[in-house]
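In this document, chain identifiers A, B and C correspond to the written order of the chains, with residue numbering beginning at 1 in each.
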Amino acid sequence: MSVLSNTTALLGKELRTEFRSRELLTTTVVFILIVMVLFSFTFDPTVGESRRFGPGLLWLAFLFASSLMLQPCFLRELNNDTLSALRLSVSDPFAIFLAKLAANTLFLLLTELLLLPIFAILYNIPVLAVFGQLVLVFFLGSLGVATAGTALSAISAQARMRELMLPLLLLPLLTPVLVASTEVTAGLLDRQPFVQWKGVGFLAVFDVVFLTALWIFGEYLLEE
Amino acid sequence: MWSRLIGGSAVLALVGGAAYASFYVAPEERTMGLVQRIFYLHAACGLTMFTAFFICFCSNIAYVFWRSAKSDALAVSAAEVGLVFSTVNLVTGPIWAHPAWGIWWTWDARLTSAFVLWLLYIAYLLLRTLIEEPERRALLSALFGIFAFLDVPLVYGSIRWWRTQHPQPVLMGGPGSGLEPTMLKIFFFSIFAMHALMVLLLIDRYGLEKMRGEAEIVRRELEAA
Amino acid sequence: MSPAAVSPTGIRFDDIEKRYGGLYALRRVSLEIAAGECVVLAGRNGSGKTTLLRIAAQLVRPSTGQVTFPGTSRDTAANGASEQRPRATAYVAHATMVYDELTAEENLLLFARLVGVPARRERVDALLADVGLAERRDSLVRTFSRGMRQRIAIARALLREPSVLLLDEPATGLDVQGTAWLAETLRRLRDAGCTMLMSLHGETEISSLASRGVRLDAGSVVADTRRGASFASILKFADAS
């Protein structure tokens, strides 16, 4: 069976599993909410300050949340050894990764879009005018986070102290995403909004680099 | 035994020579004075760190495809040695920056990237301590090492484009730019000396790692019996 | 698409060695299993049976040596060895290898879709009926008893008619009827030409299907009925740990 059909089948499984219990989504949303509120205590949230610090705190919150949300990704495949079942069934192990990172990107995007209006209200920053562009940067950034995170989740699942290990591995790796996404988002939330295409392009490059690396090295990540 | 003595002495001579040159041969810099001399150490360590991490990257790739224990030994040795030079690089940054510009830390592209790199390789070494089975440890850390190194240009690019401090401290802009001939020669000599030191440390650490690996195998055999 | 009848495929272990650091799970194991042969793998816990089976399933890479499958549709390469897992290798292990959060039917449909079973709905329906789980098709596997999980695990493995079947203590958790059903299923597969390698804990109904027995001890082959050992001696300590 082709990689594409394997990927869609597995993606269906990932989505079905998550939407049945919604445990990942709900906990992630609540976590980001908590972080947002806590951050507000660290500076005086006037409109000017919010515009300056808002994008950074938003993406920092997303990054922290993702390093927690991505842990069960491969951990739950060790339960009942379903990972072996997948390895025996798919024609190309990359399909396993593709499905998982697509699902993770989707989950991240959903939580981000859910929290965007709340962020706008809490920090008094208008987002409606640039909503489409925000979705674009959220998507590219989340894709980068999900790609690196899915790969590293496969690594940390096999180490001790895995709960702490994933953030340790993932967060330094994602600094380029943090910088570029924050910049683009800041541009969009500015008094005179503009799209920083350099940042958008950079995020796309990050995504391509790590997708390619995952494609080349994926099968080794799954080795027993 | 003799080769080690000769090698060690040679490196000592080189490093000593570089230090002497930095302090007595190099002309005093116009604006920053004495403290600028630490630049020779700082920049040389920065470049040496990068070489070491590159060696680590190549060993990681070699391990993934050819699975030799030697590649793994070289990888961890290179990572540790690289981390040493990285630490010196990071520590000498503030030592230079404070007297020169009045600030302890300059969030400029190279220094910040060096910091992130430092964090990545600390994570690499930490990961290794958390996986017990030798072959798993080698493979998983090699894969992380590959991802980490691929990230390096992206880290540097993003910080250089958006986070470099303005105004740029003059010499930090580029080591080759604005260096007069004597300084340039000493600069290259320092780089050479640091690399020689790196090679010495690498050889030593590699030998140690091979012994440690063998001891581990014996220990595991005994524990199983 | 593969025809209904299985294509005869053997298993060949060439000088297989598996090391984990200093520990040898398998030492220089060479074994040739002919197409259609049914072999019982016996040995104490820790003798290397699971490792050997997982290497045959190509889930584990041997440290040295290789496993090949003579007779696969992929023709033998220049060096005389054919590679690749045959189109239908089935593996039943200790772990159930199905998703707790999905229903029995969803699990089977997913794997059927992944491997490319033609007319998968009908096939899944037939399998569910076969293993006696048709009424529980819409229940989450999480709610199943150990025996039911084992049955769904076996069903998953049999989605395609396998030409090679690898079983690691497949009757674990099955009651008397379950074991009888499994023995009957395996008999049918054996008669259709499936090559089988199974590690057992002494279930005589199933071991009696085998035409050959091999005993492992500390990672090496110590007895083989093909070389004169008796079945009884191969299986004798099968129950002891």
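Criterion: a contact is a pair of C-beta atoms (placed from the backbone, for glycine too) under 8 Å apart; a residue touches a chain by one contact, two chains touch by 3 or more.
Computed from a predicted structure; not experimentally measured.
A.B. asks: Taking each chain's centre as the mean of its CA atoms, which one is most distant from subunit C?
C.D. replies: Comparing chain centres, B lies farthest from subunit C.
A.B. asks: Work out per-chain C-alpha centres and flag the one nearest the whole-protein C-alpha centre.
C.D. replies: When every chain is reduced to its C-alpha mean, the one closest to the whole-protein mean is A.
A.B. asks: List the centre-to-centre spacing of subunit A and subunit C in whole Å, with centres computed as mean CA coordinates.
C.D. replies: 39
A.B. asks: If you average the CA atoms of subunit B and of subunit C, how far apart do the two points sit, in angstrom?
C.D. replies: Here the centre of subunit C sits 50 Å away from the centre of subunit B.
A.B. asks: Suppose each chain is reduced to the average of its Cα coordinates; what separation in Å results between subunit A and subunit B?
C.D. replies: 31
A.B. asks: Mind pulling the residue numbers of subunit A that touch at least two other chains?
C.D. replies: In subunit A, the residues touching two or more other chains are 223.
A.B. asks: Which bits of subunit A are touching subunit B when the two form their complex?
C.D. replies: 148, 151-152, 155-156, 158-161, 165, 168-169, 172-173, 175-176, 179-180, 183, 198-199, 202, 205-206, 209-210, 213, 217, 220-221, 223
A.B. asks: Which residues of subunit B touch subunit C once you look at their complex with the stated criterion?
C.D. replies: 133-135, 216-221, 224
A.B. asks: Under the definition above, what is the set of subunit C residues touching subunit B in their complex?
C.D. replies: So the residues of subunit C touching subunit B come out as 19-23.
A.B. asks: Quick check: in the complex, which residue numbers of subunit C touch subunit A?
C.D. replies: 54, 57, 59-61, 89, 91, 93, 95-102, 106, 110-111, 113-116, 156
A.B. asks: Write out the stretch or stretches of subunit A touching subunit C in their complex.
C.D. replies: Per the stated touch rule, the residues are 1, 5-6, 9-10, 12-13, 16-17, 20-21, 79-82, 84-90, 223-224.
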